[in-house]
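What follows is a group of structures, each given as structure tokens.
Same chain, two partners: chain A is paired with chain B first, then with chain C.
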Partner chain A sequence: MNRSASPASLIGRVVIPLLLIALVVGPVAVVFLATVIGPWVVGVVNSNLGILRFVLAIAGVLLFSIPAAFIIIYMELKVIAYMNLRVGPNRVLPAGAAHSVVAGLKVLTKEDFTPNGADRIVFTWSPVLVFLTAVMTFMVVPFGPGLVGAPLNIGLLYLFAVGGMSVVGLLLAGWSSFNKYSLLGGLRSAAQVVSYEIPLTLSVVGLILLAGTLSIDSIGRQQAGWVWDWFVFRQPLGALIFFIAGVAEANRTPFDLTEADSEIVAGFATEYSGMRFGFLFFAEYVNVFIMSALIVTMFFGAWNAPVDVNWLLRLVGVGPLSINLDPGQLGSSLMAAAAVVPLLATLILAAPVYLLRRHRPAWQALLAGFLLLNLLVLGVIGLAAYMDWDWVAGLVWFMLKSFVFVFVFVWMRATFPRVRIDQLMGFAWKWLLPAALLNLFVTAFAIVLIKSAGIN
Partner chain B sequence: MTTQAEPSQHRSEDDPRIMLHGQMGQYEQVPPYPPRTEREAEFYTLGDGEMFLNMGPQHPSTHGVLRVVLKISGEKVVDLDPVLGYLHRGVEKLCENSDYHHIISQIDPLEYVSSLFMEWAPVMAFEQLMDVQVPRRAEYIRVLTGELLRVASHALFQGWMALDLGGLTPILYSFIERDEIVEALAALTGQRMLFNYFRVGGVNGDLNHEFLSRVGDWMSRALVEHEANIGLLNENEIFVRRMRGIGRVDRDTALRMGVTGPNIRAAGVPFDVRRSHPYSVYPELEFNVPVRGANGGGDSLDRYLLRLDEVRESIRIIDQCLHEMPDGPVMARLPRLMRPRPGRAWAAVESPRGLFGTYVISDGTDQPFRFRIHDPSFVHLQLVGMLMKDNLIADTMAVMASLDPVMGGIDK
Partner chain C sequence: MTTIPGMGLVRGMGLTLTRFFQPKATIMWPEQQADVAPKFRGRLQLLHDEYGTLKCETCFQCAQACPVECIDMGGMDTRGRFHVHWGPAETYGERRDESATRRSGRPVADPTFTRFGAIDLSAVDEILEAHDSDPRALLPMLEEIQAAYGYLPVAALKQLSRKSGAWYATVYGAATSYRHLRLEPPTLTAAAPAGEGHKAAEAGFLAALDAALIGKAGA
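Let's turn to the complex of A and B:
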């Protein structure tokens, strides 16, 4: 045993010198930052507030898209499983909640294979293009009042312009793979997305006439109030066409010909593996969320609650609620409460758990009580935020409604067979397009009629 | 020391350490050998705007290892060439080198979806050669298990049909039905798939309690579940539109091509081996032979619906078998080593896919001199070339699935 006797462990040998260095460098750095860098940073930020906001919005949107896709993938696995009388993923975390995350990590670790004969550059970058076009659409989606990446006044135009670009990525992916199945998938997606772009766009024109604006934010604001203020009740046909065309745009069942596994294996994604496949895969689910979000924004009241809360409160005799609690007033009693209340609450919440499960160790009851307390506090904070800030309320309703539509997408996937390519094109050109035009003309006629009659 | 690369070799773009043989354009040369027949030369000559699409042998919807080379122009299938033999075992030759008992297990995996029928036909042929009278209880058991397996096979067909058209859910529902039957048969025979249950002169064992309780349990709700499975799919507009008018086989074509089973009944010909050439105890049982597509030939939808009708009739037969099952032995008395008289025998049964027949020539030894198999899937596959032409790629799945081929039987 010739192990050298060292008084300090490995951690000690690394951490203690680092601590010493930090003690010396820290104050110097703080002074330096505060006097030299700080003002410069503040100046730059102040003069470039627009750009900074844009960059932050992009970062937020990119960061949001990944967990959203994970949730939708998990939802699809689980919902379809229950509709198929299966259990679905149930290994990672309770009920397999982290299954899609682990699958995403697995995709990262896989070999990134390029088939021989493929156009390497195009093959590599087309999934990025597909993913980016999907994520870029997020920029104009208002998640709540004022909670929008880029509040463009031509948001709808931007949306269709960028959304239409995804077909380029799919086509490039199909073409560059050097595989006939991929080629067929790419061409199918080109035909499909281009055809359905037209009814998709035309179905919204009636709504644009009604709302008088191209700004998505403004369209959302105009639907405030009760359920019947939502545009779906003024544009039912438009909403239906938008939904159907949206399903086709997102390449989802029954219009998932681009990746029809029983016909062309996996379409444009056949030759992809690793993270390049991951991009294509995520893009599909981001597209699903975007389509749901757009349907909600334009036809189902955006972030607005289905009931007019203020009207209800006035009916009961209460003004608009807001929390006016000044912690500073409480003084030393606040300190005492902060010290005592969590302890007491933990014990009180742990008591029923302990009484019900006496055969378990007491610390488990205490842990359960503590978790319950945390949940309670989080709930109270959430409720306060919901009542105090309208963007929190908007975000809650927006997400709730969007995921209802995501559920519908998943439900359709479990239910419908796939249509054939000629049926798909025939449906777009023979049914959806005339219906969208009819919707547009009727809306325009009605608006002219109402205006000439002098109402409003 | 460096080795000189041959001119036809080049380094892989993916990994420069890998040497590849042949030119980069080798992918264009299909097939990589000069054409052997006129038909092959014609097929492998591409017209303007056409390309080959090689479907299979590993493809999600060719039902096993069928390989179809499609010549497509855009989405339209111009011509096609099925390539068989990826599952060839030489079953006929194997059977000629096995004794008569052994053949039952050799022939079992032919149509792995409905293997009891594969045992039934040779067993009947051997019984003709041996002049054995099969006990009535054994005959009833054969009919009972056979019809159960027919329901299971058609349930699988229904699920696969939907899956090939892009519907995810129905196959899991129909697999429940199939699984209940297969589990019951496993309780009787000890196997889930290749039962090896029929014997020359009877069956391998009498009905046991678990089998009867499982079958009774299933029978109590079979029709209800069948109706539920029908309701899941049959009124789906997309499903019906995908299949209506696709893959029409008219009466004359069906007769000319030797089509049998549900496929010919869907073309309007009431041919059913159980009624036309009665065997076993079928003459004593009441059931209808459903026929569809009487006017203008049967399409994929007719073939699909006809199989659902057949399930209902099979459930009727099972019900009668369970009620009228006679007592008695399940095996005739036979020598251990069978040496039938020299001669020849043909026996055919109505398998879920059609007429499955075996032709045996005996030379008096314990092995057959010749053993030949007529498999319905192989006959039906001949229709594919006719039905898929000038259809879309997606229709090839609707047609192929509706013919319900099993590659084990085709490649033998």
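Let's turn to the complex of A and C:
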């Protein structure tokens, strides 16, 4: 055996040279980062804050839309099952909570098929367009005071402009599939969405007259206070028309003719499979959330709580609550508390569990105590955040109200039969459109009357 | 109540919401199993076909499976050839033999074979003649046939279909859709029981069978 001449081991040959290199390169790199790259990055960020904010908002909205869609799909399965006296999904996680997520993974693993003769580019990109329009609408939805992707002063105009683009996506999907049923489905959905776009937009014009602004943020701000400050009480007809037209816009029952799953194949989505179909499917549920969010924003008080909390607090005799606690003042006692309090609290919370469940082992009681402590701490932190930060309270109320409307959408799907296509179109043009116009004229007349009478 | 538009929608929504909170009917099989009586055999039902005749083929499977042996049945078989009865294995083997022949496609040698519900069709032919066998006059023809026979016999409907060229489905559809047309005799007591026409032949067959059996027993 010819032994290697080098006496050094593997460590000696690899690690020590690397260490040397690191010792030389590291300080140089640190100095370089601190003097050149760091200021450059800060400068770029500073001069492009708007773009950065936009990119962050887009990323946030994209990231938000996926769990929202999953939750709504799960909610639909479960709520409709409960209304049918069934149990619904119950296999993945307790109560089948991850059912829709697993279904989404399944869609990801499926074959992504493009039929012969299909227009490949359009076929590939139309689901993206549909999904993108849905997600882009999120940009102007205010989730709370200041929690808006792009605070446009023409938010409503943007909303209807971008929302109308989804028709193009649906039409392209139907057209590029090289299938007459897909094409028919695309045309039907285009006819439906375009027809309902008009009452949808007109129903909001009355509200715009009242609010005097196109900014969604400002519309939300004007509804602060009590329940009766919400626009639904000043524009009941507008709210109703907006709701009905919104149901049709989101292609939901009883207006889900385009993809009536029990009657026709899948409308414009006939030829789609795999994740492209997933995109179309996702877009539908994102649309449901957006419609609920818009109804809440425009007619049901946006992020505002139904009660005026400050008024209530003043009634009780407490000023606006805020927690002024400086951890620095506590010094070493803070350290001691941080070490002792969790342990003590766990034991205290575990004690009743242990006493009530004697036949269980003690470690289970300890675990229960620990979990209870976590819940308690989370609750306290949540309460503090709710009290201290406007946007947390706004987000909570906004989500709560939005999901109430999502529930109503699902509830309607569990209840109503589908309408015929001629009934659908007739309803849009013969009832909703005149009603929207009536609403607009009555609102305008009332505003003029009040202004001329000098009442404010 | 019903005059308020949208009230139906509200009532429907209310119904589904009450369902939402009601206990669920699902049984979590296989973790849970329904509490089924050991001798439960599902729902028993006698079905009728579109002519109103029993779909029962007198195969006795139900009587055989009956856990408490409460089914006692007897009657003519579907083609009105044999008088059968559930009990000792008197006619059962014979019937199975005959059905095997029929399923093989060979003609069943049976002198007593006659078509179901054959009637005198001269009245139908006259009515068809009067209407020039025009299928557009389907309803008046049906009404006249009913006037002639008291009801619409299946054989008459077949004849009407064959002569006029109207699809049997059309004729049958018209006959069943109008309330005043009926496919059964107006009173059941007035009509002869099914298979009355074959009683004589059946008696002859039974006599021959008895003779053969007795002969065998005697030998």
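The rule we apply is simple: the second predicted complex is superposed on the first by the 423 of 456 C-alpha atoms of A that agree within 3 Å, B and C clash if a C-alpha of one lies under 4 Å from a C-alpha of the other, contacts with A are read in each partner's own complex, and residues count from 1 in each chain.
Convention: a residue touches a chain if its C-beta (ideal position, glycine included) is under 8 Å from a C-beta of that chain, and two chains touch if they have at least 3 such contacts.
Fair warning: this is a prediction, and the values are worked out from it, not measured in the lab.
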{"item": "Overlay on chain A: chain C relative to chain B, clash or fit", "value": "clash"}
{"item": "First, second, both or neither for A:V162, with chain B first and chain C second", "value": "neither"}
{"item": "First (chain B), second (chain C), both or neither touched by A:I421", "value": "first"}
{"item": "Touched partner set for A:V296, first chain B, second chain C, both or neither", "value": "neither"}
{"item": "Which of chain B and chain C A:I241 touches, first, second, both or neither", "value": "neither"}
{"item": "Partner chain in contact with A:L132 - chain B first, chain C second, else both or neither", "value": "neither"}
{"item": "Superposition-derived comparison: chain B or chain C, residues of chain A touched", "value": "B"}
{"item": "Touching partner for A:W411 - first (chain B), second (chain C), both, neither", "value": "second"}
{"item": "Partner chain(s) touched by A:V79 [first = chain B, second = chain C, both, neither]", "value": "second"}
{"item": "Partner chain(s) touched by A:R120 [first = chain B, second = chain C, both, neither]", "value": "first"}
{"item": "Segment of chain C that clashes with chain B, given the candidates 26-34, 152-160, 170-178 or 206-214", "value": "170-178"}
{"item": "Residues of chain A contacting chain B in one complex and chain C in the other", "value": "83-86, 414-416"}
{"item": "Residue ranges of chain C touching chain A (in the complex, touch as defined)", "value": "9, 12-13, 15-17, 19-20, 22, 24-26, 28"}
{"item": "Residues of chain B that touch chain A when the two form their complex", "value": "12-14, 20, 24, 27, 51-54, 59-61, 75, 162-169, 172-173, 176, 236, 238-239, 241-242, 392-397"}
{"item": "Footprint of chain B on chain A - complex, ascending", "value": "80, 83-86, 113-117, 120, 178, 180-181, 184, 188, 253-254, 256-257, 260-265, 413-423"}
{"item": "Contacting residues of chain A [partner chain C, same complex]", "value": "79, 82-87, 90, 411-412, 414-416"}
